[in-house]
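What follows is chain A paired twice: with chain B in the first complex and chain C in the second.
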Partner chain A sequence: MSMIAGLPLATATPGGGDLVGLLPEVIVAVGFVALMLMDLVVPPSRRSWLAGATAAVLAGAFAMSVWGWFDAGPAGRTVYFGAVAYDRLSAFVNCVVLVSSLVTVMISPGYLNRRGLHHGEYYALLLAATVGMMLLDAATSLMVIFLAIELLSISLYILSGFARDEERSQEAAIKYLLLGSFASAFMLFGMALVYGETGHTQLAQIALAMSHPGPLDPLLVGGVILMFVGFAFKVSAAPFHFWTPDVYQGAPVAVTTFMSVATKVAAFAVLIRVFDDAFASYYAHWSSVVIAVAIISMVVGNLAALTQTSVKRMLAYSGIAQAGYILIGVAVGVAVPLGVQGALYYLAAYAVTNIGAFAVVTVMSGHGEDLDSYDHLRGLWFRRPYVAAALGFFLLSLGGFPVTAGFFGKFLVFAAAIAAHNVALAIWGIGTSAVSIFYYLRVALLMFQRREEGEEQPYAWPRTSLLGGGAVAATAAGTLILGTAVPLLLTVVQLAQAGTLPGAT
Partner chain B sequence: MFPYILLTAGFLFAVGVLGVLIRRNPLVVFMSIELMLNAVNLVLVGYSSYLNSEEGQIFAFMVIVVAAAEVVVGLGLLTRVFRIGRELDVDDLDEMQQ
Partner chain C sequence: MNPTVIAGLSATILLLPILGSALCGFLGVPLGRRFVNWVGTVSIGLAFAAVLVLLALLLHAPQGHQSSTVVLWNWLSLGAGSNLGVSVNVTVDALSVWMLLVITGVGFLIHVYSVGYMEHDPGVARFFSYMNFFIFAMALLVLAANMVILIIGWAGVALASYLLIGFWHDRRSAAVAARKAMITQVIGDVALVLAAFLIFVNLGTAPYCPPGAHCPAAAGGAQHLHTLNLPQIFAHASSLGPNSPTLTIICILIAIGAFAKSAQFPLHTWLPDAMEGPTPVSALIHAATMVTAGVYLIARFHPLFDLAPVAAGMVASVGMGTSIMAGFIALSQTDIKRVIAYSTMSQIGLMIFAVGIGAYAAGLYHLMIHAFFKALLFLAAGNVIHTMHDEQDIRQMGGLQARMRITAWSFLVGSLALGGFLFGGMFSKEDLLGFGTVNGPAAPALYIVGVAVNVLTGLYAFRLYGVTFTGEPRSDLARHAHEARRVMLIPVVILAALAAVAGWVLQWPVTIAGFRPAFVDAFLNPVFHTAVSGPIAHEPGAGLAGIGFVIGTGLSVIGIAVALRIWVRRDLDAPAWFRGPILGWLPRLSFHKLYIDELYDALLVRPGYALARVLRRTVEPEVMDGWVRGVTGVATDFSAGIRSVQTGLIRDYASIMVFFAVAFTVALIIAAGLVH
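Now for the complex of A and B:
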């Protein structure tokens, strides 16, 4: 008590400059509250209006993020007493998250109507999760990181269980919640140890405290490793991936579309900021753990994906493998800047490609149950040629074929591993991505199989709506652009990487 | 004095982890997770008084608030599963692995 009373009064108050730095997040947060209220007055038959309002909020925040990229300048700064970064890394990742969210909103109304799940709180929760992700990629304080992770996680727990009467959806939500809070507890324990051993909760001060030479502090190393375990769970890296296939399969596929991409992007952004910057002086102690997790993810993800017969589970295991590839960039990012750049490039490429693949599944999911079994895709080419061609293109990109976004993502992280003199890591990556081509092509070729005479059509594919088709076309165009106009995005990620920890000079 | 706080917290955390791993009732699993979070709170507050820095106490408050929010969602979901007509046993949550 006496300690609290003895504290000096805070003389500084947050000002307009602080608010500007947080404007995109504020827009989405205000949108979240407004959407909850709008749901009360908008009649159920007009729920698509809510989707329109959500899209407007996201577009506004996107415009502000783009403006923030230029306004923050190359070095960036922190706002709200060093708790949140206003820099190019957060602006870049904000844009990726917002685009993912926007594509999800485009495909949602049609899908939710077909499944009879079109409730207004869907959009509010989507915005709440988006705010959490945006705060996470900008967070420079352990407390903000924790709050942002929980904000996005709790919203996603509810969204996973959004199909209220479906056993699978409820099961997915419970699993996600129990395992998610379990992993959060580990991450928190790590944060508590890092705070205790350095005496600070802000990343810039932690980095300063860690850079002092001195005897090795085992509690601090333990804290760093425990924090990594928590983040590895969020990016679904093996061996912390057990929830991923079940949650991705059980949740409504529109929700899976969003969480498989946006969560991973935001969590990787904070992983880069914390490990490649704040904990850079402890590189020798954490790099071997990150490399081991990267290799396990690539092997487990790709091998397990080979044996799947469900599209959603295959994409879940493929996502685990992709997390392994991005971790290569994170693992070597301290030694070579190309590592972080490669990881950021990969994130953008993965986001646009994977959201496209899941968007196709969402758009093609009709009444009754989601399109899921491999069988449901058989002969899609003959009925929905454009959608099938788009899915084939996304699968090629996930497999890393040239002229797709995935190729340059893989190329950059492998080049970074070689530049860091870790050729073995690059070989693991190349070997496992060769394996991945089998299951991606297997699904792609399935769409060209004709059904036999008199055989029933395997699945009643719905007609493609204008919005759904637009979302698929936009992501396909994005995959092509990121795969061909490489210098464009490469320049962006180089600029984004310049100052990942403002205020740490 | 301070090392004992850390040891107690570590012990509580380990009990929580064991509870999550071996208990089958999701409610008890939840309680075990709460135990883990409270062990973390103990670490935070312990360090806070040891270092004479107030940040740990603020952090502990945030953990308490978030834990409460998590429980609200968790209990809601458990009620839902129970209504669909399932036994409350985490081993039965294997619809998708069959």
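Now for the complex of A and C:
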């Protein structure tokens, strides 16, 4: 409440302090423009330089975000007249998004070269999408939220269709574009209703308006739900998930890697900020929808994944299911702070694990196409033992086995559900994750299966490059660390949760 | 003791072996045998050095500060106010250091020996990776100050033993033996986990009232402790009250865990089969690590056992029973490693007996001495087997004394230490038995059994020595036997020296009246003198120890003398009067290991298989498969249903989205309207 009272009116010009709050975003945005220009002067044979430059930009922004974590302090503040939050939630999510981008950049050059897709605008688009995500996790105004979502979406539409001469990639792009616009329309409609009913676009003011006692406005409830639909589409929660398998499978796998992790992380950050914080006083009205979507996601995602035969599609459905688990945390997050903390922990755990799993598919992909059917992985252990071991480890983490990051993600959100006296929700989660073990371990088992005597290898797995191997090793290490040194990240997410702006609760 | 230093040293002791294991496992194959040999041994050697530093710190620590529990890191904590948390914390005290000395010290010698023993084996990288992991798991187990961490180490030991017993996994017998060991271990694991649950749920603490504060008397009674940190568990052990049934059940469960690890009746059958692994593995399992874990466990949980005399009495009886049973079986076995295996079981039984009657220091004293001479016997036996081209039957041996002098002399030292004359066992075993006369109601009876074990020990120890090393060679292999390589001899000689002098040194200064091991008592006993005082005495009665020593040693000497008379330079059969109709069943009973394997086979394995067959024919296809098929069918149908919705057509996707978006919105608006 104290935050809201101190809000300045939008009459002054933004000062230097406002710029500091946006510094990481500015760095990446400048990098985006610079890379577009560099692409014109760097000879095609030297495109890997662009990757280096991109990595430098991302690393710089990461360093600034870490600094921002300390500079913003426990309470944080809003900048640009309450439009953007400079708080620990945004700093934390920025870091996760930037690390995901960085790992994607590490595995990209080798992959793009093999696929013959190495074009300069790839890196620029990656940075543009990253800026969108960073803005999204910091946005505290409906306008900024919408702009950020469009910025990241448009970049991703293009990246999905990056394999220009491949029909599937084209199809993925057009599907994503059409359905994404559709979802944006829902969200915009919801925002319009919220604005119409409260008269504000800033989350802090909206929260203030919502907490006023008075007759309940059904249209406001409708606006809140429609906004949730828009976010649910972005985090690919069922039943708004239909684009996910098609797009994940069609897009070049390096793009899928990025998209499946970073988009989800950023979208969940804004979902937490808007629903668990700003809309907290309407908790009673939206919680049942979030719980329903969580359960539908867990059921649909896990059951549909059972019968897949492509790793990319399986991971797409698994991503839908994981969104369901994270939604558990969001659904109980208003009543129990552990819910939001668990969701944030889960996000980081999901990021390292899933990006690792996709990175393995990326570094093992062949010339001209992604080799992602189950049959392609058969016997991987005997040719590429380290890569296979890493993928097995990621799959265990996705399944939620102890000593991996995934276990504690699940543990924390389930614990939060139980603490919120919603035991049924936790049981749904536990039951469906038992189902998920089947399809995760099925893939893990395939890698240890020898090919029949005399059966020839349909193709040769490429040699793992130093960067690709490094990416896989780093994500595996991250998965292990988040599963063993839990208080490390738990403390961080507790601080991030406590300092979330606009701080309506 | 400086906590930072303690934490650093303990972390070193834990990390070096696991690092060595990882290096050997991941890089061993590409980097080759030399790399593996160096990494595998040096990591344990350095860990041993760290243990020595800990020992020095401990010996110089002021009185009352000889125990230190430090937190290495928090594995999991759910913040302040929540009592659920697991931290990796370690206790460094005389008990854990004593165990670590054995684990890393004897373990290091065995590792060095393995370099020679495994020189022709292609799987050497895997071997050292497992061996180092074994050491790590044991170190974790004895250092752990939290029951969760302790159980992780406990299960790690079981895993390592499974991997190593089945190291030659293409041999059917090895695979079966490994499985047997694992199944037995799991029984123990389950018992220990159940004990942890019971402790977590039942152990309470009196409400804490800070001095000077005003506390209402009826503040809700005892609160649950809800932690698995050992120091807290021990501090509040008495909250259940003396002779409480819960505590007795907890202690019995812990004891079952210990029995599985230490191969005590009725969970002992895996140990003799465990020699299917390479001989250094047997040495490691029997001497330095695994079987001692049970003794350690009971010693570590002594504050609980002190309060549960019924459980402690059961432990003592089982230990002594196993001891005499194994000693009897060892008399007639013909496999060199099998004899030593049963002798291990017998000696461990004595240690379990000791910790059961509260003679913790005496039990641990024998544990260390036993580690020396048992590792020595196994490694010397390994030399014999190596030169005999994997022949293990002592009936094929004989006369090896002339052909492998150093091994034979070392083996003789080991046999004397085992038999309890002049060396090692003479001190520790008699010290241990000396307690038997005073502690507990059943103890005098058990003491009589114990002295009978003494006779048996002398008998089988020197039967083995006589048949293997004296007389004439009974096969071509034995005739062409030769001394082992130096890398395999040096550890044997070092162990022989330790077995020979350790008893004398640790006993020093010898007091004629007491014959008590002054150093051991001074070092170890502070651990066992806790604030909790139970009904079990920790000290033997004055004056009895000296007499007990004389009686015990005398009987050992009788056993040895009889064995020398019967088996040295003679044939290998049982003496004539045991071949007749009256006593002829005795050797048979011994040879067939009291038919316990057959009994288990008839009582458990066969009915189990029979039941399984019946179930497979009747229940499985109808009932189990029925509902499994039903469930998977539903899941697959559902999955197919979802896939059929996933048409790939944008118009379908969009319509479904619209449907749900509208449905949710309308439903919620209506619900909101109804509420108001």
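Basically, the second predicted complex is superposed on the first by the 488 of 505 C-alpha atoms of A that agree within 3 Å, B and C clash if a C-alpha of one lies under 4 Å from a C-alpha of the other, contacts with A are read in each partner's own complex, and residues count from 1 in each chain.
Note that a residue touches a chain if its C-beta (ideal position, glycine included) is under 8 Å from a C-beta of that chain, and two chains touch if they have at least 3 such contacts.
Please read these numbers as outputs of a predicted model, since none were measured by experiment.
S.K.: After the superposition on A, what does A:221 contact: first (chain B), second (chain C), both or neither?
M.R.: second
S.K.: Taking the superposition on A as described, I'd like to know which of chain B and chain C A:435 touches: first, second, both or neither.
M.R.: The second partner, chain C, only.
S.K.: One more residue to check, A:487. First (chain B), second (chain C), both or neither?
M.R.: In the superposed model, A:487 contacts chain C only, not chain B.
S.K.: Based on the superposed arrangement, let me know which partner A:175 touches: chain B (first), chain C (second), both, or neither?
M.R.: Both partners, chain B and chain C.
S.K.: Applying the document's definition of touch, where does A:452 land relative to chain B and chain C: first, second, both, or neither?
M.R.: A:452: touches no partner chain.
S.K.: Please indicate which partner A:164 is in contact with in the superposed arrangement: first for chain B, second for chain C, both, or neither.
M.R.: first
S.K.: Per the contact definition in the header, classify A:307: touching chain B only (first), chain C only (second), both, or neither.
M.R.: Once the two structures are laid over each other on A, A:307 reaches chain C alone.
S.K.: Tell me the contact category for A:246 with respect to chain B and chain C: first, second, both or neither.
M.R.: In the superposed model, A:246 contacts both chain B and chain C.
S.K.: Find the residues of chain A that appear in the contact set with chain B and again in the contact set with chain C.
M.R.: On chain A, the residues that contact chain B in one structure and chain C in the other are 174-175, 178, 182, 245-246.
S.K.: Can you list the chain A residues touching chain C in their complex?
M.R.: Going through chain A, the ones touching chain C are 174-175, 178-179, 182-183, 186, 215-216, 218-219, 221-222, 225-226, 228-229, 233, 239-240, 242-243, 245-246, 284-286, 288-289, 292, 300, 303-304, 306-307, 338, 386, 408, 415, 435, 484-487, 490, 494.
S.K.: Given the complex with chain A, which residues does chain C contribute to the contact?
M.R.: Residues of chain C touching chain A: 26, 73-79, 635-636, 638-640, 642-643, 645-646, 648, 650, 652-654, 656-657, 660-661, 664-665, 668-669, 671-673, 675-676.
S.K.: Where on chain B does chain A make contact in their complex?
M.R.: 13, 16, 20, 26, 29-30, 33, 36-37, 39-40, 43-44, 46-47, 49-59, 62-63, 66, 69-70, 73-74, 77-78, 80-81, 84, 86, 90, 93, 95-97
S.K.: Spell out the part of chain A that touches chain B in their complex, as residue ranges.
M.R.: Against chain B, the touching part of chain A is residues 3-4, 7, 142-143, 146-147, 150, 154, 157-158, 161, 164-165, 167-168, 170-175, 177-178, 181-182, 185, 188-189, 191-193, 195-196, 199-201, 245-246, 249-250.
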